[in-house]
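In the two complexes that follow, subunit A is the common piece, with subunit B as its partner first and subunit C second.
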Partner chain A sequence: MKSKNAAAGGLDRRAFLKAGGATALAAILAPGLAGRAEAAFSGSLDMLAWDFQPDTIKKLVGEWTAKGNPAVNVAVIPNLGFSPALQTRLRGGDAIDLFYNFAYNSQKFVDQGWAAKLNGLPGVDDMVADMYESARPAYVNAAGDIISAPYFSAVHMMHYNDRMLKEAGIAAAPQTLKEIHDASKILKDKKIVENPYVAYWVKEFCEEYLHTYLLNEGITAFDAAGKPVFADDPKTEGVFEWWQTMYQDGLAPKSVLNDDPGKLSNQMAQGDAAFFVLHHYFLSSIRSLNGPESANVMQGPIGGSNHTFQIGEVLQLGQIADEERRNAAWDLMKFYGWKDSAGKFTVFNQWAKAAGLAAPYPGFFTDPDVIAAFPDYFDLPMISKTFETGSKVVPARTLPWYPDFQAKVGDVVHALLLGQATPKKTVEDLTAAANSAQKGRSL
Partner chain B sequence: MSDIALSRAPRRRGKAATAAGLQRSTTATVILYLCVAIFAVWILLPVWYLVVSSLITPSQLGVKPFPMVPSSITFDNYLSVLTGATGSTGFGSTDMGSRLLPAIGQSFFVSSVLVVLNLVIAGIAAYGLSRYPFSGSRLFELSIIVSRVVPAIAIIGPFFVAFRVVGILNTPWALIISYNVFTLPLAIMILKNYFDQMPREIEEAAKIDGASRLQTLWIIIVPIARPGLVAAGVLIFLESWSEFFYSLVLTNQLTVPPLLAGFQSVQQFNWNSLAAATVMSMIPPVVLVVIFQRHVVGALTAGAVK
Partner chain C sequence: MAASPISSGALTRGDRLFGLKLTAPAGIILAALLLVPTVLTVLYSLHDVPANGRSLGPFVGLENYTIVLGSQVFWRSAWVTFVFSLGFVVFSTLIGLAIALLLNQRFIGRGLARALLIIPWATPWLVIGILWKWFADGSVGGLNAVLLMLGATTEYYDFLADPNSALVITIVAAVWRQASFAGILLLAGLQTLPDDLNEAASLDGAGVFQRFRNITLPWLKPALVTVTVLNVIYAFLQFDVIFAMTQGGPGDATQVLSILIYRQLFGVTQIGLGSALAVILGFVALAGGLLTVKLLYRAERQPA
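Let's look at the complex of A and B:
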């Protein structure tokens, strides 16, 4: 029996090989195109996100589905309590194909078998290659395992009130810790503002500031193996002296140990503070509050060879046994945490519009759509440069023991700020906390 | 209930009188009322702060001192919560309008079903414990109290697995079943205490008249115990209305508390909208408490004076 093709024009050996080669090539290349319709998986995918614009999440994945991809069931729960809820669900056998996660939980989830390594999935090496080199250790561990994709990224920045600085005769935004202290003191002494410096120093967030301030002085807290090398650096004690002095001398308000970022943004907008150190996108909050000083708030550069802290939360792929389902979920992950099928940062662009969030890809900052999405008060080249050369992630933060250490930092730092511990003891306590966490001695 | 507990102290003008009939000086009365006023302010201040926060703009929220009586008010926060039309990009949950009212409805449904269920089960259990003590019943009562102090995180796992197998995750039934862990002991404790105070002579009279145990319970005891049942019902309603963790794990923001927690995201904080949503979600329980508060106080203090 002859095939129709053979009858029509003849399927000779040459044509067969040509067609076969093209098919094979398509099979190899097609999965690499992010978000490309596969149609191999006919079911629906399950995605768990936290509550930031859930309608936008549904809209975005809806657009992905409309391009011939599987439907996605999006479940949303609050950020508050997300980790225990997610872990309880996964431990209870819930099958979640794609989920938001905190970077510090990412390695633990892989180790527990709740999240898959991404190595070998089509296009994943390109995704990693697309990232800032500074960002890669957040997603690729020391052993080369690719454990997550970006959900959003940010860098800690100095937000400062330009008008107040000019009034105080301060020529430029302070960059080192000493400059920050001196500028704060001048502003306080000249009665321009009572408590010039604010930061989100609640216990849960002190760990981020630990890295921000240490990096600001050129200290990377942990080495590649997770050893707490900050303990051996003579400059570390000075960082804690600075931190304590800022609080004890009233350069930061007494309430700052309990304040929330909304209040701190408002203090900047109202002119009750001159400096606010937190993620770069908090400039959006300060500006959108339309307070009397909102328009005077700018972002300061990270100077010299010092760095600021680069943070971000991640997407993780569930442990999916079915290959077609896994490929479909990976396609969704690429669309959500990298680029769409046209090579555009569709999802990241939306988060940039919504809240000034960023993605750890140099191409993100040069994309015309992204540039248009960011309000003009953002200095995108400066933020991009901060990602590229002015910031570091701390790879130890993804290690399984890290959350135990993180949980202790707040208590130790608050004791320091309240004068209950010396800078020297703080270094010792944090070192002990890191060593204890690594030995598996939990809280 | 004892006669003394039901008796009223004589009312006097000019000088207040104690229950024992001793006169209180004007100074003492003034101090007493002042303390009550300070306590009331202390209790109500956060609520007032919440209400004011829901009626002002974000920039007014940051003004020092906080405007306890705002010079201008706006209903935009309520509008934005209900419609998502904030006029600003800085809003975490833009579809809150389509989620808040259904969540209030679900909270109401879960709480109401739980009240009915608990009053029936706890009513029978408490009556049995009160009237038919058995060897080890005191220990049984203590074990009920102990079950109240077990943290939710310790027992949520088995619930999750069971509900996943049965297929009722993300439904009100998952909450109705799991909430019994903390509401049922509460209801049993309150009702047992209440039944203990009720005179047994009435039941004995009903028994002489030929009523069965269940008939006695339904026809005689339940009407007399209505204040206690109402009080227990209100407290069960409030407990389930404000429950967060079971709802967080077993559902996807089905009820009010996890939905409100969603206002505090990693990326943004919106206290004005949160305040508006909180005020709206407080209305059903507040109305309930206002209607039944007399019964709640009465039942909780039952047996305090013998």
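Let's look at the complex of A and C:
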């Protein structure tokens, strides 16, 4: 009787344990299920990245794996020489599921069969829709194909030493090229700093500065078809006159043709320079050096009423034949280049905290976690506005011939800076470089 | 009685086959590591190879060579390569010879000095480049500190940012390592020179310079030829130290052909053009080596 009552009105031991176990199992699996790759791929993925904070990379990827997703083998190689190394591996037959790349290489990699278009993948249209309109051409080519996802984005900004400007009687940070020149000259003439302006003018980065300075003056470099139209704008020659003058007159130190960004950041931190134009996140480098002038370095927009250059290095999906593997890699790509399955900017939040990197999504700058992650010396509303309306990407950079042009810009610009070419000759040489890149083989 | 094949010295067919078997592995390895890449490079140079390298691409004959030889970039790079090579070979060999002569003398600490000579040679080229880049730095470099201390300059100067001095510094850096290599080889040659030759000459009244010219140099001729030829080849193929220091800059002031090849092959992935450049450089290096041998041996054969 007692036994019968218990069975009818309650749980016996077996039923209790079964119910409890199921509940516990559900509790254990629930978080994992939320981030699990849609496909049940049982192998491991291969990812290739450059050596910026490799421990952070592996930690982030580990977080994705911990949600029940496949293991990821992360290979890290130096940023310097990354593109040649990556191409060598791919040409040698390495199958890499997900890899970092420079934006200007992304179309070429698709054309060569090394990277896959993302069209039609689940959620990819939402990812693109989430972006700033200004950023989309970096990831979507002229034909409408989606060829990459963001690894990080940045805008070229002016870093300036506020104390030095006050000492020189300069009321506001310069924004236009002329203002930069004039302020630099004042600082030099007053012997406040010997070489006021620094920038990363090594050959490989001259192309970024080319676009920055042209955009600062409201010049369009390439039309929609990729034709170089900067030569048609009379202001272009003036940009090159400015650039040459900055170097020849000692407003920028002679060493900027070889210096690395770490040295440039240190020069700002030590008070050996007053202006530094490069990606916005370098303010983190300058501040973290804790030099005598670090705290005096502020950040402001450049371009005046025109624009600055918006760059974004990218993630690309390898050509993966296996559907389950491809789906798993795409899930990782979304996690790394957009949001996690809970809709949080998990990865970008970490990059913001670690180095001030940004993402090309408006929602990124309003996310409370992201806002909390950025050091307080960043003016996020200003950076967000710069992304939204104060900057442009250059759509021609996603054209397949563009890497060849990119590789030549440094030679031409160095000749200009060294006084070996006139501004007019520089315009001609860059035009020729763009045209020859489109035609095919040339040195 | 017929002579035994062994005793007569004649090789039997079996002996020859056995010898062939012994040399086959090395031959196969040599062919695989040297011949195959060479043939592939030549083939690539005759085609417009796609960046992915999955096929040879369309045959273009000598078009890649025409593009290369018609380019000012190439000829500028060739000139830089020539200047670098000339400085590298001359100073490496001369300084190496001086080091060898010094270390062949008896003095306290000679053993230690000889041991220290190995250090530069044992250091990878890339490390040499990195060290010298910092040594020549215009802000914190030791070279500037030394020059200031000696009164040769009055302020720090960025040698690597000046197209007029960057190549000189790269030559000095490369010579710093290669001279020790030359010194080691030449020292080995000197150590085989019988002491009694110099003693006899000295007794006959020959001075230091006469002994050097008439005994030491002729004795070292084979080693000098070897050192010079190797230096010529090293010079034309030098990449690491220059890449680490300047990456071919500023401008194109230090863009030797090897760096130009690297940029074509791996920077812009123009495999056909890069291969044509590599073939040209290979021929130049080979010709340079052969010319060196010919010149030095011709000088040796001249009648007294």
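Definition applied: the second predicted complex is superposed on the first by the 400 of 443 C-alpha atoms of A that agree within 3 Å, B and C clash if a C-alpha of one lies under 4 Å from a C-alpha of the other, contacts with A are read in each partner's own complex, and residues count from 1 in each chain.
We take it that contacts are C-beta pairs under 8 Å (C-beta built on N, C-alpha and C of every residue); 3 or more make two chains touch, one makes a residue touch a chain.
Please read these numbers as outputs of a predicted model, since none were measured by experiment.
Using the contact criterion defined above for the overlaid structures, shared-chain residue A:Val202 touches subunit C, although it does not reach subunit B.
With both complexes placed on chain A, subunit A has more residues touched by B than by the other of subunit B and subunit C.
Contact with subunit C, but none with subunit B, is seen for A:Leu257 once the two complexes are overlaid on the shared chain. By the touch criterion defined above, A:Thr366 reaches neither subunit B nor subunit C. In the superposed pair of complexes, A:Asp94 makes contact with subunit B only, with no contact to subunit C. Of the two partner chains placed by the overlay, subunit B and subunit C both lie in contact with A:Pro84. In the superposition on chain A, contact of A:Ala407 is made with subunit C only, not with subunit B. Contacts of A:Asn119 after superposition: neither subunit B nor subunit C is touched. By the touch criterion defined above, A:Ser42 reaches neither subunit B nor subunit C.
Residues 81, 84-85, 88, 91, 272 of subunit A contact both subunit B in one complex and subunit C in the other. Of all the residues in subunit B, the ones that touch subunit A in their complex are 58-59, 61-64, 84, 88-95, 98, 153, 156-157, 160-161, 164, 170, 244-245, 248-249, 252-253, 258-259, 261-271. Chain contact summary for the complex, subunit A toward subunit C: residues 81, 83-85, 87-88, 90-91, 108, 112-114, 202-203, 253-258, 272, 403-404, 407, 411, 414-415, 417-418, 420, 440-443. Residue ranges on subunit A touching subunit B, taken from their complex, read 50-56, 75-81, 84-85, 88-89, 91-94, 152, 260-263, 265-267, 269-270, 272, 281, 284-285, 288-291, 313, 351, 353-355, 357.
The residues of subunit C lying in touch with subunit A in their complex are 48, 50-54, 64, 67-68, 71, 73-74, 137-139, 158, 160-163, 246-252, 260, 262-270, 272-273.
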